[in-house]
Structures are given as C-alpha cells and as structure tokens.
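Here come two complexes built around subunit A, the first alongside subunit B, the second alongside subunit C.
Let's turn to the complex of A and B:
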C-alpha cells in the first residue's frame, strides 16, 4: 500500500491530519475526563459513519439498519463483560450464583449454551469482528443476488432492525430484554469506569477509528472504490462489464457492518451497558443522519458530522432541556435544505465557502486567493475526472 | 420581622447561700430585667421580708458564671440558658429552676441598612445578597449568647427556605427516554454540577442505565416509580412501591370481595410486568388457591388485542389482571370496551393505570375497573387537599396527579428530612441516616423509609375508576413492609 492510494490530494492529507490532531491531542488536553468520555462515546458512532460513507455515499446503498451491527458488536462485548461481572461471589445474593443477574430474575438456572463461549476473551474479540460481518454478508448476499436495491433494501434493513430489537426485548431471560445488559464493571480485571481506563479506552477508540478511516480511504481511492462508484451510478453497465455486482455490494455491506460492530464494542466500554434501544429503527436512522450532516461522500466529513451532531445533542439538551429535540430537528432540516452534501460539502470546491472566498477573499488577499484557486481547480478537475472516468476505467480494466 | 419566641426573663436559681443574709440577684440592664428591678425599687422584696441585693452584670455570660460559682442565687435569663446550664452545655452543669416565665415574645431580627439597601428582606433575598457579594465579603450576625433563644431564632430564620441553611438550586436535565442519554446526564449532574441529590428516572431501563453511574460517582438517586424490586442500592432511595407491596394486598382484596378464583394475567413484555406476573401467579396459586387461566405478554407499544380478547371471552376469568403499560393501554381498554367487556360483566384489576394513564385512555373506557396503587388524587386527607390545590395552581386546573407523581413529590421531602437528620449533605451519611426517616406531610398520608432496605413502608389502596378520570378509594391496607427480594415469590 503506498501513500498515494490513501490520499488523492494534499487537501485530503490536511483534513485527515487536522482531525487526528483534534481527536488525539487537542480534545484530551482541553477537556476534563467526563467530557472526554462523552467524546469517546461520540467517536464510537463515527465507526458507523465511516461505514455509511462507503456503503451509502460511495456505493449508493442506503441502509437504515446499521444499528443492528452496532448492536451485535456491542452485545458480544457486553456478554463478555457481564460474565466477568457475574462471578459467584458478587452474585451470591441470587438463587443461582454465577449467572448474570437478569437470568436469575427470569428463573433461568443455567447459563445458556450460546453464552458459554463468551467466557473466553479471544472468542469474544473474534465474535465482535466476525459476527456482524457474517450476518451482514449473509443478508447482503441474499438480497443483492436477487437484485433487491434502493428503497426496498432500505425498508428491509429497517425491518431487520425492528425484528432484532423485538427479539431481544422478547427474550429477556437470555438477553436482558428492554433493560439490556447493564452494570458492567471490569475488562480483564481493569475497572472500565476509572479515569485512567477511560483515557485508555478513549485512545483505543480513536486509534481504531483512524484505522477504519484509513482503510476506508484506501478502499475509496483504490480500484475497488471506483467500482463502487460505478455501481452506484450505472449498475447495469458494471454488471455487463463482467463484475460481480452482488459480491461487491455484499462486500461493502459486510465491511460497513464490521466497522459498526467495532464501534458498538467500543461504545459498551465507554458507556458501561448495551440495550436494544441502540439497535432499533430510531438509532439506525440517527446514524444515517450523522453521516448526512457531515457529508456522505467523505469519511472525514462523516466523523465531523458525528462529533458535531452529538456535541449539539449534549449542548442543546443541557442548555434547553425542554426544547432541545426541536432544535435538533430544526438543525437537520436546515442541513438538508441548505447543504445537501453535508458540512463536508461546504468546503468542497464550488461549495458555499469557496464561493464566499472567491467573492471576498480575492479582494482582500489577491495573491493567496490566486494560489488557492490554482490548487483548487486542479483538485476539482481531478475529483470530477475521477468520478466521471470511473466507469471508463472500470470498463477498460476488464479488457 | 418580629418573631414570636418563648423569650427570656426566667429566673434561674441555685441553692441559697448559707453564710449570707442577703439574696443576691443578677440582672442585665435591658427591658426584660424590669420586673426584678421594679420589684426591688418599689419595695416588694422588703414587704415580704426577703433581703435582696441586686447586681448589675454586663451580659449573659457573666450571669451564667456567677450562677455557677454561686455568687448570685437568681437572675432573669434567656429561656434556653436555663436548660443549657442545667445540661452543662458550654459550661459546668448546675441544677437550676425556672420560677416564672416573664415574656413569650417581643424579639426582632434587625438587619443593617447596608443589607436592606442591597435588597435583603427575608431569608431568601438575604441569601441572594450574600451570594451576589461573593466569597470575599463576609457578613457578621450577632446574638447575645450562644444558648439564648435569640440565637436559636436567628439560626432558624436564616435556615428558612433552605436545607441546613443552604439554598436549593434545581438543575433540570432531559433523558429523552434514551438510556445512554440518561447515563450521560446522570454523570453530568454528579461530576460537573456536583449535585447533592438527583430525583428522577421513570422506567426500569432508565434506572438500570444510571445505577452504575450513581454507584461509581457515589451520588444519591430518589426513584419514584413502582417497580419490580430485585434491587437495593446504597445510592438509591425507592419512593415508589416494590412489586410485592403493590400486588399481594390487592389480590387478597379482590379474592375476598369478588370471590375470585380464576385470573387472566396480561402484561407488556419487559422486566416489571414479567416479575409482577410471576409474583401474582405465585400468590394466586400458593396462597389464594386460585388458578391462572392465561398469561400473555405483548411487545411494548402493541396495539392489537383482538385475539387476546377472544381468548378472554373463551376462558371467562373471574379477574383480568392487567400490567399493560404506556401507549398499549389506550388500545387495550378501548378494544375491551368495543368488545363489550365492561365492568358490569367483568372484573378487572390493574397495577399499571394511574390518573396520568386515564388521561390518555379516557375515563369512559375503564369505568368501574379497579387499580391497585399507593396513592390516588381523590384521597381525602389534609395533606393531599393542600398538595392537589398547590399542584393545580402551578400546573393548571386540568392537570392530574398519579401515583408516580406523588412518589416523586416525596423524594425532596425525604431527602430534606434525611439531610437534617444527618446534619450533612454527604452521600455516605445520607445513605446511612435514611433508615427510619419519616414524612408525615405525604399526600398519601404517611411514609417511612425502611430500616435496612432503602424502600418505603406504604399502604396499598384500591381505587375504582369513574368516567371523570378519577378513582374512588374503596380499600386501604395497613402499612406494608417493603421486601425487594421476597422469599417464596422468586
């Protein structure tokens, strides 16, 4: 992998480095641990955002069920942590010590078979990565084979989100039901609620997120990325060119699920519980909104979107406890009306900010403006070319 | 700013001093020393053959010291000084006797012009002035003597409107029915705002989400909702009923009143209805020797009860026992009524409908059905009359008060009583001092925190709904002990 396949232009390098500096240096220096922990929680939604950029922005598949994969990853982590928290000594008040408390409340006297392997840390870690990926691949393969796409796919993913969250609700003896899996305390003996471990968890989340961002960029800028864009724009031409469209789509759906699963697992470590309220339709749609606000074409933009929307949620709700949901709703409507490409679209060449710059910046700082204009026009051309010629390249590549 | 007070001018007396022919009495030159001075000047003592010499003293402390050392045998004095002297508070203990009470009132608290100009007219505005002027400006308040009534009154006056002399500031947060948000807000309240106590949460899931936060940050939560039990935490006071308190007495009543033998249990599918149904089933089968002819749970928000209603018609239970929550309630009762299952043909007892739910369901849809709750708005007692009046003044004539609202109201009062008992805002001390704390002003009548488990002793009441959305209270149990981990019902 060389650096060129990660970053197409200098601008991309700058935006990535800025985000890295913000997340890895500025925030930890500026914020007390309580606020940093909140940012850690926001970052975990960033994983879903990065996945959605690949899936929706690049490949044109709108999934309204990403909460499912977020939840699967989260539940795998929560099951491991719950078993660690349910040692026979701290659960001795129960009728059956040594099993999770909610099982005891539901007259279950033996740990169910599918919980057993989650006693093992390596298994749980592997499950976090593998289970969401396999489930997504299975669903994707079944649907994309039959050429289910567009709005039908979105509806089906929504149905799946509903089914899974109802399934968890309805089997509270095995899943904790609506309350979810709560009261998680330690990870391999380390108290996840202490300040030190919250710093550690924050950095692990941030680094994993950057790994996902870079991998996402790699995919986008590779030939695979061009195939995805081609599928989005003219699916039939790609198919006629001999590509396995269903396989490509399943792959990117599974990849987005993998990212979401990691996000879910990190979420559990940050927040200390997992519940079906993070799986259903509402959170799944919320995750799409994060990506939309940030900009669905740009992985960096999506992460900013996640951070800004969640920061807005926290700030609005602290300042206006009675009004905040209306303010959030208003913001979403405004973004969709005025910046259809999200916040990332603001800074794109030809976007509102660059127009403003052309109008005023040119008068104030003519020299700088000229240099930026040259730089922009060249990147703009590359971007447009890259998008427009994706099909031709794909077609050529098959020859 | 006059305050009535059982003030001063009592006579403290010690044993007569043998070697002196004169009785020496002390006085402080102020108005309430007048009776002693006038009696002496007008010759009252002489008339009865008592030889008295008066000694003028600079203040109460020297009166006290002279009494202790028997240099004087009596004096006029602030009422509480006599008690303090007898008990040895702040000095040696000396037996003494209050011969006559001279005055009951007449004291005033006087604030300086500076404070008055700054806007201090009562404890609340005074606190505001003090707060505004910042930490560097300290105000001095004087009272004559530590064990003087004036001192006690001054402190009580300063404390009025607050707890332990502190003003209460309310910080409001909205969990938006989203459990991670609940956890986030709980943490913010404890870590950033450093609140003394939190009153809130509604569903079990919201409580479960915040519980680890309260335990980790050592906060105090007053949780108002009736709930499933199976929980007890140092950091939580449960002001609603746990499941056995709400279920057992209600079932006993309906079994006795309606000769009920067969029961149909219907609930929403989550921990509270399931646990409640489990306890109800055990009680019906083991204690009442009845039968449960059906038990069904529906997802939260479920609205189609057609097939359930057919099953009910088929089984014809003596009692429908309903634990349906939230929005499902509306469809459930409307569909029951549409299917002709009304109170003249069918007995229904629910533990999940309060005045708040009836507002949504419509009183006409459950007229004649019964609810088992610890509180109903229609309860007839002076506490409740005042509470309902104040509530309606604040929230409008159309507002209603349900069981949970009332339990929410108990929280701050119980907290205040506990803080005053503990003499501290410290969570560990409050958690320990909570045992046995009472609240006699409760709209439901009387509540007391259990000695060991942080739940409330409370009564159970059965209310029968009428079309106006209010319930008629038909039955009231004795005080029921809370038992969050009920033996034999698990």
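Let's turn to the complex of A and C:
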C-alpha cells in the first residue's frame, strides 16, 4: 500500500499534515498541561467522529447512539482503573475493604461477577476493543438483516442510548450510578494524574487517533469505501451485484463502535472518570454535530470539526454559559444549510475556498499564484509519468 | 422426455399473492441455455413480478424455481446473484457518483465479502475484464466519465455492462430499450444477440419490433398467467393474444 492510495488530493495531504503538526508538535509546546489535557479530551471525541464519517457520511447510516460505544469502551477502562484504585489497604475504612467505594456505600459486600475479570489488565484492554464491537455488530445485524434503516435506525439507536444510560444510572451499586466511576488514580501503578503521564497519555491518544484516521482513509479508498457509498446511494443495485448489504452495514457499524470505544477508554485516562452523562442522547447527538460541522464525508474534516466545536464550547461556555447551546444549535443549522459538506467541503478542489483563491488570491498575488500553478503542473506531469511507468510494469509482469 | 436437469432455469407452479390478490399464478417456464426469451404482455400482467420472484426481490408463495437443477427459491438476493443470475432494473440503476470504470469494477465478482472488499486490488486481469466489457457496451472511451452525466441509453448499457462483469449464466433485463432512440435500440439488439451466445437472457419488452428482432422464444402473460408461448410468429397469430392486445 502506498501513500497515493490513502490521499486522493493534495488538499487532503495538507490538512492531514497540518493536523498532525498541530496535535503532535505545536500544541504540546504552546499549551500548559491543563489546556493540553483538555485538548486531549477533545481528541477522544475525534475517534467517534472518524467512525461517524464511515458510518453516516459514507454509508448513510445515521446513528444517534454513538455515545453508547464511547461509554462501553470508557466503562471497561474505568472498571479496571477503579479496581486498581480499590486495593484493600486504601479502602480499609470501608465495611467491605477491597471493593469500589460506591459498592460499599450501596451495601454491596462482594464484587459482582461481571467485575471480576476486569482485575486483569489484558482482559480489560481486550474488552475495550471487543465489547463495543460485538454489541454494535449484534444490534446492527439484528436491524440491517430486517432492512431497518434511515430514520427508524436513528430512533432505535437513540432509544438504546437512553436505555443504557438509564440502566447505568439506576444500578448505582454495580455501576456507580449517576456519579459514574470516579476517583481513578493509577494505571498499572503509574499515577495518571501526574504531568508526565498526562503527556504520555496525550501522545498515545493522538497516535491512536491518527491510526484510526489512516485506517478510515484506507477503507474509504478501498473497494469497501466504494461499496459503502454505493449502498448509501443504490442499495438494491449493490444487493443485486452480489453483496451482502446487511453484512457490510453491520461491519461498518461495528467498526465505528470500535473507534468510539477506543476513544472512550482514552477519555477515561485523560479525564479520570466515566459517567452516564457521556452516553445518553445529548452527547450522542453532539457527536453527530461535531462530524457534521467538520464534514461528514472526510475523516480528517470530522476531526477538525470535533476540535473546533469543542474549543468553541469551552471558550463560549466559560464566557456565556447560557447561550452556548443556542450557538451550537445555530452553528449546526448554518452548516447544514450553507456548507452541507462541512468545513472539509470548503477546502476541496472546486470548493468555496479554492474559488475564492481563484477570484482574489490570483489577482492580489499574481507571482505567487503563477508559481503555484507551475508547481502543480510539473507535479501533475510527474504523476502521469509515474502512473505510466507503473502501468508498464504491470503489463510487463503479466507478460 | 426432458427433465429439469436439461434446462438452465426450470420454474413450475410459481405464484405470489399480495393480500389475496394473485399477481402471478401457476407460472411454468423452461429456459434453455444460450436463448433469448422475451416476456410480453399488457401492463399489470405480472412480468416484472416474475423477474422479482426469480431474483428473490419478492418472496414467492408457491412453486419452485430451479437454476441448473438446484432450488433457488428462498435464497437471499446476493446468494442468487452469486449462483449466476444477473438482474437489470427497469430504470437505469447505476452509481451516478462513481466513474464508468468504478461502476464496472464494483460489479467484478472477486472480493464480494467484507474481507474481500478490504483487500481488493485493481489487478491487470480486473482492468482487462473491465476494458473488454466496456468495449462490448460501447463505453470504452468513457471509462473515466462520471456515470451520472451519461445519456439515458448509455446508462442502460452501463447497467448491462455491470451485469456482464459478473459473468452470469442468466441475465434478466427489464425493458432495456425503454426511452431509447431508434439507433440506440438497434445497438442494444446487437448487444443482446451478442451476449446471448454465451448465456441465456430473459427480456421484458413492450416494443414489438424490438422483440421480433431479438427473441428466440416469446411468452405472453396476462393477469398473472401465461396466455401463450412459442416463437414470435406463433404467438402473433394466437387468437387469445390478439384478443388481449386489441380487444381492450
């Protein structure tokens, strides 16, 4: 696999490299650790955004329940951390030492069976990846096989988000209830709240996010990507080209859940808690808005969307807490009405930004424009040449 | 006496009813290899429904459909396609946002599973197959054109081309020349004659001139039942057929 299969246009390369430079170099150098940690939290929503691009933008499946999978991944991580924090010595003032504090408050005297395996680190890591994926595949397969789609699918995922958040809320003794699982301290003995580990965790999430972005790009440019778009636009034709449409849809739903689950786990490591307020309807819809603002067709665009909306959220909600929701709603409506492809749509060839450039930039900076144009044409020639050589090689190989 | 094994497609007693209304009833149909078999009949005769029943889009309530001797009734749509039956819809049904090449490529039968889709590569033999099909359907110069900008006739051919990519043994075409110009009709007739050398084709058509040109055998349907079957010459002079077409 070469770079060309991952990036279709130059604009895509620029936006990806810019994001990488920003996330991996500029921000860690500029921001104090508190702000960087906040930014790291936004990055974890980026995982959900990448999943939504594949699921919603490419395959046309609108899920209003991605918070569920974010939460499942997060809870798997939080359960492991909570058990590590609840060793018998630090919990010796409880009536039952060695179990999480909220269980003790709820008169539970024995660790429930489904908590037991989360004492193991490898199990917890596997669970973060496997549980959201399997749950999504099960839900997806049950619905897509019955040809449930569109608005009905969105409503059902929303209902699932509500059911799960209420279920966690209502079982305080087993799940920590509305407060969630809090007071997480160490990961395998490393204090997750120290500055050094905050940096380490930030870089791990950033690198995992880029891995997800590249995998998402690979899928979009593979045959699977074209099949997903084809399913979105002409489901019947795909079925009668011999594809199992329900299986393809379940696959992409499970993949989006896998990404969300990883995001949830990284969220817990950076923020230090997990609660049902991140699972329910509101956060699930917010995640869709992030993706829509950034551009639901472009994985990199969606990540920009997540970062920009969250930055706005933090800035504005610090200044005007009561107006923030109106502003976010207004942004969503404006994006849907004026830029249906989101911010990513602006940078595409033929998009508003390149038109603006052609109209004004070329006039104001004629020399620069000419040079860019020359550069473009020379690289274009090289690409054509490279393609020709590749084609020759292929033909020779067949001979 | 021929048995079901001798036919490519062997349908007996096929029927479907929607809330008691029998759209197709007691449909018997025997198709040889390398034959063009045309189904004609007035509107509402159940022609399209028959194709839907064969390809699994509509589930039959009675009867049996045997393809190459094995029962395909009850299989899922994609399983029927993979068994070797291709279906073209009445309205051109292509991926407008993809190029002609991508449209054909997506129909290539290699890598139709989830994993197959992820590792599929545009290898030289795939490209070769795309080019040979594109030549058959007269779109060899339009490979990089976005399919949405093709003319109506070209879209119809592209869809036929997408089916040819699957190399099916049976091709079912629902009104392939609807909305085509006279010249396009002639070219489509040639195309159908050509592709039927290696496979059987079932065609639904209204245009009698076109039917005469392509049909090896004709079945006339009326109100969900078979009214007459035989050569075009034969059915044209069948009094029942004349009654149905002229008597209304």
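Quick note on the criterion: the second predicted complex is superposed on the first by the 362 of 399 C-alpha atoms of A that agree within 3 Å, B and C clash if a C-alpha of one lies under 4 Å from a C-alpha of the other, contacts with A are read in each partner's own complex, and residues count from 1 in each chain.
Convention: a residue touches a chain if its C-beta (ideal position, glycine included) is under 8 Å from a C-beta of that chain, and two chains touch if they have at least 3 such contacts.
Everything numeric in this text was worked out from a predicted model, so none of it was measured.
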Worksheet item: Does subunit B (first) or subunit C (second) touch A:247, or do both, or does neither?
Response: second
Item to complete: Based on the superposed arrangement, let me know which partner A:177 touches: subunit B (first), subunit C (second), both, or neither?
Response: first
Item to complete: Answer with first, second, both or neither: which of subunit B and subunit C does A:22 touch in the superposed model?
Response: neither
Worksheet item: Both subunit B and subunit C contact which residues of subunit A?
Response: none
Worksheet item: In the complex formed with subunit C, which residues of subunit A make contact?
Response: 219, 222-224, 226-227, 229-230, 233-234, 236-245, 247-248, 251, 394-395, 397-398
Worksheet entry | Sites on subunit A touched by subunit B in the complex | 32, 34, 37-38, 41, 93, 95, 101-102, 105-107, 166, 169-170, 172, 177-180, 182-185, 193, 271-273, 275, 277-278, 313-314, 317-318, 321-322, 324-325
Practice prompt. Write out the stretch or stretches of subunit C touching subunit A in their complex.
Written response: 55, 57, 76-78, 81-82, 86-87, 89, 93-98, 102, 105-107, 109, 111-114, 116-120, 124-125, 162, 166
Practice prompt. Under the touch definition given earlier, write down the residues of subunit B that touch subunit A in their complex.
Written response: 172-174, 176, 178-181, 183-185, 187-188, 191-192, 203-205, 208-209, 211-213, 216, 228, 230, 269-271, 274-275, 278, 297, 299-300, 485, 490
